[in-house]
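Pasting the structures here.
Next come two complexes, and both contain subunit A; in the first it sits with subunit B, in the second with subunit C.
Now for the complex of A and B:
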């Protein structure tokens, strides 16, 4: 992550004696810099999305007409003209690009080819359950990763091997497959959870686990590495020498250091969870963006798919920004510039 | 190994611990994981090259008298809704699945190596520009970028390869760039330039081979990942057309029957997981060996 490097560079020049005054302007400058960077990445992401759309082989108006009628035929100029006018395909590429970026600045993601509704409305209708699933999964993944690290890291060979073995396997499991296994075992055979479309709390458990277990494996691997390094530090020995219990040493001292690398990954994790949610929603027949997205992709509804992709890129950028800014709070060494 | 371990964990007698430790050591010496991984991979390779050696059944022969049968001695993986033998379908699907994975990995690696070398060997401006580009592509999760590709180009094996290849490239590109920078700053490159070797010669003789060596492992690990991504796409119904017995297509075809015939989903999934795990295990072993060789 370049973000962490930037923070170190911008705060390292603060002289400790004048730290109080300079760190305020330093912080403001840092936040401004990060904000500008985030806007830049978003703009570039929008540009990439636009040009992927623009390279579409063949005529977009024909694609839309054929979608409406369910046939694949060549269209005459007279048929194509009104569609071209409506979606602005007659304009130059540059004009279309300006229109697209301009629309984005006030939350207009275009009109769905298939459903003929604004993409923003379609997303807003469906985003709720997906957001709930994503956030639940993130919390659950952190809980699993932390418990696993505290319980197994550096606790003798066999226990450590079991813990890290679980993490390796979990991190490599494809979400669809884990979802199917959970569905078959816990919903179909044991009947503990609804088989499909459960919208209540009981319907949330299996999809959230489907997303959380692989992520927990990943976060756990990163945290464990750091945790084991920290446990060898002198301040840990000194805490133990003061008579602190092993559990306290682990939770109060070591954990605080060990979670840092994994926290920087949370922005990435949110993006990954969002795309994982598409799979989980399909396995468990849950309402949400996933169903919309897969339907739109197979119907080749470009504005809808790129709208969702832009939304997720936005979530990623904002989450990374927050993580960068929050880093100073979790790790005061960076804020004071005295490392 | 661990210096700050509690003296005695509750419930564990010293004697039983010693026995367990000895058993653990014996098990480790056999390297069961590695052996298993090598055998699994060998089996899968045979299935890809000569599927008829492993099954005499046809993957497409329909038997309406034996639809949706659970795994048994006769059909070890069960049958699908048309009575086709799932074992034969998995075996015959291996080649195309591997080809999709290989294609995606090859594409991803070529993009990563070009960008990584360009960034690592050029000046600050090009390096900065490529880094920014990678940062932007990172904002798109692999699966969503792949979905966007499928939407624009339509679902096919080629789209699958391109989508997965482009989606996974940025991570590898950063890795290659790091390697190039590390090798470029090393003593032997400095020595070569002090000896008056030309820059292209240094790149060809020193930087390229040394930066490429660790990538052998990365390619192995990447192959498992590519197949998992490609199959995720196929699972969503956006892969190769259903009649083909490709692993991902089998997943897609079985999705509608999961409540009645779990094996149609579980078995192809297990095959993909087994392949990915086997490749990862061997890749990590190679990595350890390579690092050990470098330290010596």
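Now for the complex of A and C:
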């Protein structure tokens, strides 16, 4: 618990006044709470994933043997014995759980049952392309949503309707369907982008759009509501009265107020994109965690599934921390309100 | 002799090495077997072969390990391993690592003469001791290859290296399909030094003596192979002796059919596996399409004889008559699979009995009579027959997306509808991979019928599938749970004789028993296919034992 020590030192060092001291301990408490929260989320993710997979019907040793031979038969005791011994399936469930959690505390995610490689290695090999894809998708989604909002919100009935109509449709598009359509039209028929495995920039476009378009619709809907409300506020009228151009009013004043709800959503969205990346990676045969996760889940490869789930949980935690920070920047009033 | 074709095409232009290597192959008297199945596509025009380059191959499924006992593993490990022998069309065995072999009179001792001076890609010698190590590794309970064990486990006694190039295998009882069994990719020879590294390393990076060496496995993406420059041990049915023509082979896993086919049409791959049935017609016109009708057990509906209603042979026969399987297969698959009425063996298996294909042609009236005779005379409000107030119901479980693909599922639905016409209520239950392989639907009390197949180059597979399931000798591969000592004895006798005529008669008898008892209803022959863009790549072939794609003879051409 190095966090605690550091915080104590810093509070002891800086004691200029009672007010700021209270605020520093407040911040420390908040950080501590955050950390405990994060650890709690990760622990819960690991525990739930472990138990769900461990208690599902069907024998794990049989599953491993059958997957290795592509067969669906009952296995004899002699066949499953070595597998059970190797992975400790003979131990009580609780003992297996303790062993697993024990490994986690010093960073050991275990070895994949199926792929016979350390989970950390497998994840490290694949996480890069997935992160690149999700972050690109998030940026793209924001770009689409903002351009759409600024260009169409409160700009006459037809333009508004077109904008919000697009958002409604986009938000409802299933990623799998959209991915296949983009693939068939732009990669297979028009040949503008590679069909599979594109690791360069051109290979990133279609998978990122597959994830970004539905999310853009969603972010756009939320931002538009807020944006339209803000445009009716007195300070907008006074800004216009000062002679500010319409674009400046929209981007400099209204937007800052309108994006807060969408920023809140972005924390959730990053996590959702991370798990949604599975679909895009599968459709476009892109490298990444998606294929690994699908294979691991169908094989009930507990260490690997848990590893990926914890990573996704970690992304959620970090993303939400970032969102908190972003609040403070967009709306400085929230910083003071916190203490 | 396919190799002569290459010489004709190659001779006017090319790099001397290619010509020399090709001529050597033909001079060596290679029995160039044509790839199994029909070859379609445009006629080949002369083209300039290129030495070097990269083959981009779009495959479908990714196995958890490169070597092992699953056909998906045989496909991929074939690039790395050589086996003792190879099988060509019609079941004939030709030399590979073994140049000759002999069985003793009692058939209990098999002696193999090995090709001298063969080395694994790690530089260690491939000698008789190495082969002995492999047999012991496959059958050691700790490192068991259960498919190897299914074939030879009951027969294997011991192995010995008499000298560096003489390997001897001792059996407990005669086993005539031995050579066919050995021709499968599961029996590829690993480097003993590689095996010493342990199963985990062997899973990811097996070391063999084959034409290619694994460079990198990017999980979920591809396996990159590089050429083994010292390769000197191709099988006698290869199109040329010596190292592969290309420098690299990228084996990509493209699960989505549209992506796989799109990869070929867009030029990202020169060759793909498993042509999607919707693209079959177009592919046959534009590309060279190789089709391989998988021998062994066809896709068959096993009827569980330990439970009602299929504990009654009349009911089993009635179901067989009730289904118009021929037309149902045609409408579900188009050209992508063939109807296979014989439920024991697929039509491409040596010693397959074609007469049984029509043992149960569609005859709903006869089905009705059989059901009446079996006491299922009344019908309930839904048109389902009943007996003593119980409906004629059966649960059909199937591995969706694994054992049965999307077209296969369509077929099952059609059959379900047809069965209903005569009063059967078949309930279809698709299983996920986890449910299927987890074993909770693999016991007699969990289903009434289930489809399944078993890729095998020999009718000897009947023993694996139909050996009795006894307490002290369980056999869960017998998915009908049909215990018939006479059937087992017949197959065992067939597997023991080296007299081809006697063997054929015995295998025919076994197929007849299975057909008469209607314990397995034949559906279709599992088909694998390759589509090759011959304007870029030539001479890819499918070997005959399991339909493994072979790339060591393939070469790129200048456009």
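As a convention for this text, the second predicted complex is superposed on the first by the 304 of 339 C-alpha atoms of A that agree within 3 Å, B and C clash if a C-alpha of one lies under 4 Å from a C-alpha of the other, contacts with A are read in each partner's own complex, and residues count from 1 in each chain.
As a working rule, contacts are C-beta pairs under 8 Å (C-beta built on N, C-alpha and C of every residue); 3 or more make two chains touch, one makes a residue touch a chain.
From a predicted model like this one, the values you see are computed outputs, not experimental measurements.
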After aligning the two structures on subunit A, examine subunit B and subunit C and state clash or fit. clash
First (subunit B), second (subunit C), both or neither: which does A:41 touch? first
Scan A:234 for contacts with subunit B and subunit C and give back first, second, both or neither. neither
When the two structures are overlaid on chain A, which partner does A:300 contact: first (subunit B), second (subunit C), both, or neither? both
Identify the partner contact of A:243: answer first if only subunit B is touched, second if only subunit C is, both if each is, neither if none is. neither
Under the stated touch criterion, which partner chain does A:175 make contact with: subunit B (first), subunit C (second), both, or neither? first
Counting only touches as set out at the top, which of subunit B and subunit C does A:200 meet: first, second, both, neither? neither
Applying the document's definition of touch, where does A:55 land relative to subunit B and subunit C: first, second, both, or neither? first
Can A:271 be said to touch subunit B (first), subunit C (second), both, or neither? first
Would you sort A:287 into first (subunit B), second (subunit C), both or neither based on which partner it touches? second
Residue overlap on subunit A between the subunit B contact set and the subunit C contact set? 56-57, 180, 183-184, 188, 195, 282-283, 297-298, 300
Over in the complex, which subunit B residues touch subunit A? Could you list them? 1-6, 9, 20-21, 24, 131-133, 135-145, 147-155, 224, 228, 231-232, 235-238, 251, 255, 258-259, 262, 265-266, 269-270, 272-273, 276-277, 280
Which residues of subunit A touch subunit B in the complex? 2, 40-42, 44-45, 48-49, 52-53, 55-57, 154-158, 160, 168-169, 172-177, 180-181, 183-184, 188, 195, 231-232, 236-237, 240, 246, 268, 271-272, 274-276, 278-279, 282-283, 293-294, 296-298, 300-302, 305-306, 308-309, 312-313, 316-317
Contact footprint of subunit C on subunit A as seen in their complex: 56-60, 62-63, 65-76, 78-79, 81-82, 111, 114-117, 122, 125-126, 180, 183-184, 187-188, 191, 194-197, 281-285, 287-288, 290-292, 295, 297-300
For subunit C, which residues count as touching subunit A in their complex? 58, 62, 64-65, 68-72, 141-142, 144, 146-147, 199-200, 203-204, 218-222, 252-256, 258-259, 262-263, 265-266, 268, 399, 402-403, 432-443, 452, 474, 476-477, 479
